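Both complexes below contain chain A, partnered by chain B and then by chain C.
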Partner chain A sequence: MTKDECKKLVLDIIADIAPDEDLSDVKPDVKLRDQLELDSMDFLDIVMELRKQHSIEVPEADYQELASLDSCAEYLTPKFNALV
Partner chain B sequence: MSNTEHYDVAIIGAGMSGLAAGIRLAHFGKNVCIFERHNAVGGLNSFYSFNGRKYDVGLHAMTNYVPPGVKGTPLGKLLRQLRIKREELDLCSQKHSRIAFPGIDLTFSNEYALLESQVAEKFPSQIDGFQRLIKKIKTFDDVALEIEEVSAREMIAGYLSDPLLVEMLLCPLMFYGSAREQDMDFSQFVIMAKSIYLEGFARPYEGVRHVIRILLEKYRQAGGKRKMKCGVHKIQKEGNRVGRLQLDTGDEVTADHIISSIGSIETEKLYQEDTTIQKDPQMAPGVLSFVETITVFDHSPETFAWGDETIVFFNDSDKFTYACPTAEVDPRSGVICFPNNFEYGSRELAEGFLRVTCLANYDQWANLPENVYQETKRKWFDQVVKSAARFLPQPQLDLEKITVATDMFTPRTIHKFTGHLNGAVYGAPNKIKNGKTSLENLYLCGTDQGFLGIVGSMLSGISMANFHILQAGK
Partner chain C sequence: MALSRIVITGVGLTAPNGNSLSEYRANLLAGKAGIEFIDVRYMGRVPAGVCNYDPLRYQKKKEVRIGTRAGSISVYCANEAVKDCSIDWESIDKDRVGIYVGTTEHGNVETENEIYNISKFDYDTKFWSHHHNPRTVANNPAGEVSLNMKITGPAYTLGAACAAGNVGVIQATQMLRLGEVDFAIAGGVSESIHTFGIFAGFKSQGALAMHEDPMKASRPFDAKRNGIVVSEGGCLYALERLEDAVARGAKIYGEIAGYHINSDASDYVLPNPARQTECMEKALNNATMAGQDIQIVNTHATATPQGDVQECEAIAKVFADCPNTYINNTKSFIGHSMGAAGSLELAGNLSAFEDGIVHATINVEDLDPKCDLPNLVVNEPHTIKQVDAVLNNSFGMLGINSALIVKRYDA
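For the complex of A and B:
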């Protein structure tokens, strides 16, 4: 998986949990919270969906790694590539 | 032993909060089962058919209504957390509502500006304080799970000096959510004020059954199980934890976690002696119950010159008494609801409905023999409707001639369907925000956890499932 594919996948999850957000212009280097209306319940769901859909575990101490799309890609891509 | 079924999570009660908790947990792969004593789901907010006609119980309107596109409010959180599309709920906004006291009215709608202009017009000396109070309400963290209690009346006194305005503002909030007599905890006041004055009322065209149908379908799709006519009779403790659940059927089940929506004292009664519970001053049961009359007309109330108001909160003196009456019913104040008067667009309810709710005393109703009970119902039905009529325009039709059906529920009905002690609609006066109980793996959600209203009750189930199970990684 490439980092771009990983970002796409995170966006798909956000689209799933927050269908009322406009995701057409999410800036990868800006914190998701600063450009979208996402609260801690939504971040919990991003983590839970990663586990449910992709068997990726994000321990609570690492939640900050999910702050922006870029940091998500940095953090999650190796995890995806380690899966199989 | 080996026949005992085991679940990741067992949920007691299939009301709004239990179903919402169940959807979250099942969606994330937990093996969940909801145990419900009745044949019907919905608990306090349910529906029934009688002589071929459909009735709602509980819900007059859903509070917390915001128009599409408004984010960061309880309704939005609820929709996201349960993966419900907004359109699915079919929410139709109220037209307008009124708080009616002798010689003075405050009208409000889903546009907050209307209430503010009404206060400015009728209480000019209070408008600055009112605006400061609203600002305080907007910035207050009402859903914090660890929070000190403060008297709402004491807090409000720091903003408003006219007691009549205080009574008028408290009246709808208490009727729609206070488990406490005369006063509210300030955080409960804030939850209610936001949900009614800053957000607003709405109703699905088909009423509460529509909401319940969606919840059931989501729960089923997520793989949740439920057992109907199968309440939890007893909790068997093992040290500080729940060991087994004994069901009404005599079967036993086990679960890693148990979420109970049946009330804090009602839950403790499943594993504690009554005498132990009575010693705990925090564990006092609620005493606020209601009667509600339902009158069905062969056409819409708007045509009687009753106007297009959605809900009218009335009180016949300057002082509003929100307390358990000594008589069977307190008809001095109440809530009138016209389910016809929501913005249904081109749709129209087939018949006209008038619902009137008044405070009632559970003990007075509880032990009446059946024939006296029916007679007492008839007596109060007439008095309640008559009392409400004082706050409505004179009808231009002979109402008796166009009445096609009536029904009435009492504290006895509420007790039967919710199991709440004293038929206490809003449960116990002391809420347990963090949902913890004296057993490690047993948590509360719903009425006694303390998020109020229908949206609140579902958020309660969601929050408790998140906080105690999903977020905790259990």
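For the complex of A and C:
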């Protein structure tokens, strides 16, 4: 999996979690919470969907790694690649 | 001390046969039921009352996703009621608005869904949703209204089994009279068709309706009735003190004339006609009315073989000498909307103050002689000269009874 593919996958999850949001212009280097209406419960939903859909575990200590699309890709891409 | 007079100034509802008072009333007068077959998890095909209101009229998609069906129904009904009452919503003090939502049960739907969800993951509870607790707290439906409409006054539910719709309105009446709030949104809601447990429980009890034509499945007083059709729905009213409503020139649908709530203290599920009789009599006393003052008695009858007969016995006693009192039933159209039943069924009769028509009880092909009450309005609506007062019965499990009387308001 490439980092771009990882970002796309995270955006797909966010599309379900925040269905009212326009995701066409999400800036990868800006915190998701600064550009979308996402709260702490929504981030728990992202963690849950990674677990359910992809068997990826994100420990609570690492939640800050999901702050932006770029940081998501940095953190999650190796985890995805370790699955296969 | 004279109690404040409390009036209904707005109606918001969703029923299996209508998403507004006018649509609902038109279908009740036209004899149009709203029951269909649905597939229920583990149960298969059962008749049920399903609402088709548009949740996105008042909620964002995310609110619908995170919230509950009961919350969504409540939000729809509350917004509709406020819109209908034409109050200047932006300028009123939201600290002085109370939300009182009756529910038969809450949390079954959400708990069953989560158990089903983790069953796909070998029952590993790490897949259990963090939304479970806010979805299942008993105040959820009222709380979702508070969040959606930014109401900062008291918002809570009243668990009163299938008497809950009446109890919500009674609670609002009491809080307005106490001066705790200045404006109330109150009634009842139900999401019960989304829990298999309700259907399975009634089936195990021998009280779940079945008929090859779902529109004929809910048939109170008919000799071939065989149980309850479970429905979802909601009806919340805008309620105010009379002087406030008059001061702003509000349309007044009716005035709360009296009420009573009591308990059978005799059985978990079987009704008790003696206590039902007392409940209606005490509601009449509370309203300083006699049976002759009531033109419509809307029955609770759910189409169980025993329950219908027992309510008829109770009504026959209270209205023994009342040739101008007519009896009807709304569940024959919409099924049993559980926590919403009291308020939805009252709404089905509110318009009678304007049109003088008693809607019928439908699906009576062979009237049970034990239910053959004088003036039971069967299959076709009946027009009378004037409707001055409606007594609305709603009873529930664990022996809770409620009777609410609403009377015509003439300025």
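Keep in mind that, in the parts below, the second predicted complex is superposed on the first by the 84 of 84 C-alpha atoms of A that agree within 3 Å, B and C clash if a C-alpha of one lies under 4 Å from a C-alpha of the other, contacts with A are read in each partner's own complex, and residues count from 1 in each chain.
The working rule: contacts are C-beta pairs under 8 Å (C-beta built on N, C-alpha and C of every residue); 3 or more make two chains touch, one makes a residue touch a chain.
Being a predicted model, the structure only gives us computed values, none of them experimental.
J.: Which partner does A:Glu74 reach: the first (chain B), the second (chain C), both, or neither?
T.: neither
J.: Return first, second, both or neither, reflecting whether A:Glu5 touches chain B, chain C, both chains, or no partner chain.
T.: Neither: A:Glu5 stays clear of chain B and chain C.
J.: I'd like to know which partner A:Met41 touches here: chain B for first, chain C for second, both or neither.
T.: both
J.: Could you look at A:Asp62 and tell me whether it touches chain B, chain C, both or neither (first, second, both, neither)?
T.: neither
J.: Is A:Lys52 touching the first partner chain B, the second partner chain C, both, or neither of them?
T.: Both: A:Lys52 reaches chain B and chain C.
J.: Touching A:Asp20 in the superposition: chain B (first), chain C (second), both, neither?
T.: Touch partners of A:Asp20: chain B and chain C.
J.: For chain A, give the residues common to its interface with chain B and its interface with chain C.
T.: Residues 16-20, 37, 41, 44-45, 48, 51-52 of chain A touch both chain B and chain C.
J.: Going by the contact rule at the top, pick out the chain B residues touching chain A in the complex.
T.: 27-29, 68-69, 71-72, 76-77, 79-81, 83, 85-86, 462, 466, 470-471, 473
J.: Contact residues on chain A for chain C in the complex?
T.: Residue positions touching the partner: 16-20, 37, 41, 44-45, 48, 51-52.
J.: In the complex, go through chain C and note every residue touching chain A.
T.: Those in contact with chain A are residues 60-62, 65-66, 121, 126-127, 129-131.
J.: What part of chain A is in contact with chain B in the complex they form?
T.: Those residues of chain A that touch chain B are 16-20, 37, 39, 41-42, 44-45, 48, 51-52, 60.
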